[in-house]
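Quick heads-up: structures coming right below.
Shared between the two complexes below is chain A, which has chain B as its partner in the first and chain C in the second.
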Partner chain A sequence: MDRLQAKRPLYPLVSVVSPLVVLVVGLLTAKSPCFPAYIVAVVLLYCAFGLAKQAVMSLAVFIPVSLVFALFSFLFQRNFSAAGQMAGRVILLGVSALPMVTLPPINLTRCIAALGMPRIITLGMLIAIRFVPVVQGEVGRVREAMKTRGVRHSFYRTFAVPVMIRLINISDTMALSLETRAFSTGREPVSVYKPVVFAARDAFYSAAVFALIITWVVMA
Partner chain B sequence: MKQKKGAPAVEVQGLTFTYAAAQTPVLKNCSMALHYGEFALLSGLSGEGKTTLLSAMAGVIPNCFPGVMEGEIFVDEEPVKGRQMAEIARKVGYVLQNPDSQIFHDTVADEIAFGCENLALPPEEIGRRIARSCALMGLNPADRTKTLSGGQKQRLMVACVLAMGQKILLLDEPLANLDREGSRLLLDTLKGLCAKGYAVFLCEHRLDVVSPYVDRVFSLEGGTVKALDRGALSYGSLRKVTPVPAPPCSAEVVLAAKKLGYAVKDKVILKDVTFSLRRGERIVLLGENGSGKTTLLRLLAGLIKPTSGAVESALGVKRGSRKWFQSVGYITQEPSYQLFMPTVRDEVSYGAKGGGAARCMEAFGLEELSLRHPHALSEGQKRRLSIAAVSATAPQVLLLDEPTVGQDSDRLEGLVRSLNAIHAETGCAMVTVTHDYRCAEALCDRVLWIKDGALYREGGKELIEEYFYTAQEENAS
Partner chain C sequence: MIKLEKITIRDAAFIANMAALLFVTSAVAMPLMTITLFGLRNMVTAIFYAFFATVINIRVHKPGAITLLGVFYGAILLMMSPVMCVTNIVSACFAEVISLALFRSYENTKGMFLAPALIAPLTLPFTAVFSVIMNDVAFSDVVQSSYLVPLAIFGTVLLSFAGVFLGWKIGSELKKAGRL
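Up next is the complex of A and B:
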């Protein structure tokens, strides 16, 4: 996930809202014959705002995945056009989310804190941010540790149980770590070390997305 | 509120605590006081309830762990009962065990800033505190947290607490993963804070390192706290484990590292390490945190592949296979991962050869715990269990990563004695990574000193004294 992080991320709320708008509008208009042009325009827009490398990485994953979906669609419906639309939707799903997935998590939590949103949202964010890497790490470590014990593989006894126990222990420690560092879901004041500000670049990006959407809706 | 030196920071009065699922209390009628300006140490055997007492003082118990609590705890002369954790955390800084599980953010600076943000400190002040605590703990604020070594993570968690600026600091085995220099750095810092009026309460097994710094010593025995005379520390906790003569090792090389190197992207972790491990030989790996000791052990174990050079084996089994790990026993730094059976007895019996299980249960002091669930044990007990479980399989090579962490002096001596007995009996080769001066000499025939990823020095037991004292003094100056 680290490799996906943008060097100059956009304003967090813009990074969260714009992909949703791009995706929803795209899915609603996917039957348009010009739909590929919409995807290309979205990719170019993201590239213009510093996400070129991430766009290439995303396309490298989602184009093959989209072909698999398209194949299944064709097998069920025997319709080339429907299969093409399916491929387009899958690619759009992968590409549109780029501003969101390239956003450093700390920017989002700080933005939420700066906007005075309830701390329970920040808590949810912190847990969500840590969950995937923690699970990934724990699965790897448990598998490695079991290897060192020379055990025969058994999903329940030598994998699921140790992973679950570890995750429960870690979640306990993480919760404790939050509490001992004065984190509270109450109304205590908090500060933000590096405030994330809405800059001119974010305004340009928002205007460009808005223009793209309007143009596309009129065309489609 | 300005705290005066000598005023009570934390007072425990008649504290008795029983965990919700337990029948008997862990703490029984404990009474003690910690004062501002005081550096106090809590010692005691593994599993005696030291963490429970610290947790109660920090308000974690009963806020986070349910149970029956009697007695009173006062922080700054105000009762803790009924107060939220976040409120207590504004006055009491608590450094927990297992730093790995406490990190939320990508960079050192963001991780340290987190606690300060929760205290609503102004950004400029947070910046100053990050710089100061990083300087104190020898950390780089721009470093990524996931690239830190175990010892650096430990220092990071201490830095997080120091940056928050609470005047009462409770630390649960903070030296567990620290090398001598890291320990000195931390203890000097804590001593300096005490001189400024902070109250520091530290729970630690490495009494040899801590004792010169502390003003008062408490001991937890049978669930009760007793104040000890500082001189009482010398009863055995400060002495080294006496080395016993080991049987001579053979000339047969079982593992050989040939120009071994390991790098992750551009970061070189280990470079050009060459040495041989002979059958029956005991090697101790010494080096600072992050010098590449664990990586070297993992390369020898076949858990990772070298990016340059090779590990040659005369064990006659395919590297990384099931049979390989029956021949090469590897004990990880974090013991929990290697435990998977429902009871301690089953854990040690798994894969045990001959009478290995019974022998190891006895040797590592696990018989009383035989029916307990491995994950319900204390950290020190888990560590003994993981060593016993791996040793019971009679491997030809035993690789131990920090095996003595969390062991009190008696247990440490027993553990080293057991390891040496197993070594003498099976004739296995042993490679041990340790930061513990007390046991290093008793576990080695030969010393490899790793520095900045390279084999810096190689020699006999005399190198241990040089590493722990001479070199550290040079570093300090």
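Up next is the complex of A and C:
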């Protein structure tokens, strides 16, 4: 996921809301004959705001996937137009999420913490996002241990139980270290380290998305 | 009255870890993304969702725990698919509301197990709505697209309850051993 992160990410709330607007408007107007132009405009807009590399990577994945969906659609409906629309929707689904995908999780956490979101949610979100590789590592270690001991067919006793116990230990240790560092869920005043601010670039981006949506709705 | 208890840092850390584990195990459904059969992905992830939610309820058993699982899992999914994120958060929230409305608290064993069992089946209506918009077809077309759809829906419900049973089994064992 880190490979996809933008060098200059947009303001987190803008990164979350704008893809949803772009996707919903796109899906509702996908029958328009100019729908490919909308996708191209969205991609160009993202490229203009520093997401060119990520857009190419996303297209490289979603174009083949969209072709599979289009093939299924054609096989079921025997309609080229419907298959084309299906491909367009799948590409839009992948491409529209780019600002969200390229957003560093810490920026989102800092932003919603600064906006007064309960600390239990911001903290939990950060732990959940950051712990995916750790959990993957633990699962891998338990599987390695199973292989070393020559265990193949005992899922419950040799895999599920050790993974759960390991994860419970990790979460207990983490909770203890959070408490010793004075993290709490109370209403004590807190400061946000490196707060994320809404910059002029974010305003330009928001205006550009708004203009694109209005133009597209008028055209479609 | 629903008895509200404060979720502690310890609870949040545990739920967040379980959300990460849920994401890792649910990754088995990723290759199914290319199969358009309605309900198939929900069916595959149902057992994991129910399993981890049950383990969370056995340890935390406080109102809000299942919603928090949905929020934390949704936060991971947000980086990949906003639609899945919204679907998971809303269905977890609904499952908790229904369970608490019926049983008032998680002190009751039935309430503790009902919420986890409801999460995956509740994702089905949201997936159907998304499929209607995405494929631009009528709701009946989505549900009646294949004779396998009722099977997938039934499988989702069945695997949810199987997940709850597995979660209860492992959770009871871990509780007995003093780990939960």
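Heads up, the rule we're going with is that the second predicted complex is superposed on the first by the 177 of 220 C-alpha atoms of A that agree within 3 Å, B and C clash if a C-alpha of one lies under 4 Å from a C-alpha of the other, contacts with A are read in each partner's own complex, and residues count from 1 in each chain.
What we mean here is this: a contact is a pair of C-beta atoms (placed from the backbone, for glycine too) under 8 Å apart; a residue touches a chain by one contact, two chains touch by 3 or more.
Predicted model only: the values in this text are computed from it and were never measured.
S.K.: Mind working out whether A:A113 is in touch with chain B, chain C, both or neither, as first, second, both or neither?
M.R.: A:A113: touches chain B, not chain C.
S.K.: Contacts for A:T158 in the overlay, against chain B (first) and chain C (second): which applies, first, second, both or neither?
M.R.: A:T158 sits against chain B, while chain C stays out of touch.
S.K.: So, does A:V101 touch the first partner chain B, the second partner chain C, both, or neither?
M.R.: Touch status of A:V101: second partner only.
S.K.: State whether A:K194 touches chain B only (first), chain C only (second), both chains, or neither.
M.R.: first
S.K.: Counting only touches as set out at the top, which of chain B and chain C does A:I129 meet: first, second, both, neither?
M.R.: It touches chain B and chain C both.
S.K.: In the overlay, answer first, second, both or neither for which of chain B and chain C A:K147 touches.
M.R.: first
S.K.: Please indicate which partner A:I170 is in contact with in the superposed arrangement: first for chain B, second for chain C, both, or neither.
M.R.: A:I170: touches chain B and chain C.
S.K.: By the touch definition above, which chain A residues appear in both interfaces, chain B in one complex and chain C in the other?
M.R.: On chain A, the overlap between the chain B and chain C contacts is residues 105, 129, 161, 165, 170, 174-175, 178-179, 183-184.
S.K.: Which chain A residues qualify as touching chain C in the complex?
M.R.: Those in contact with chain C are residues 1, 16, 19-20, 23, 27-28, 30-31, 65, 68-69, 72-73, 76, 82, 85-86, 89, 93, 97, 100-101, 103, 105, 108, 120-121, 123-125, 127-129, 131-132, 134-136, 139, 156, 160-161, 163-165, 167-168, 170-172, 174-175, 178-179, 183-185.
S.K.: Would you mind writing out the residues of chain C in touch with chain A in their complex?
M.R.: 6-10, 12-21, 23-24, 33-34, 36, 55, 68, 71-73, 75-76, 78-83, 133-136, 145, 170, 173-174, 179-180
S.K.: Write out the stretch or stretches of chain B touching chain A in their complex.
M.R.: Chain B reaches chain A through residues 58, 60, 63-64, 84-86, 89-90, 93-94, 96, 98, 101-102, 104-106, 109-110, 113-123, 126-127, 130, 144, 146, 160-161, 164, 301, 303, 320, 322-323, 325-326, 329-330, 332, 334, 336-341, 350-351, 375, 389-390, 393.
S.K.: Which chain A residues qualify as touching chain B in the complex?
M.R.: 2, 104-106, 113, 126, 129-130, 133, 141-142, 144-152, 157-158, 161-162, 165-166, 169-170, 173-184, 186, 188-195
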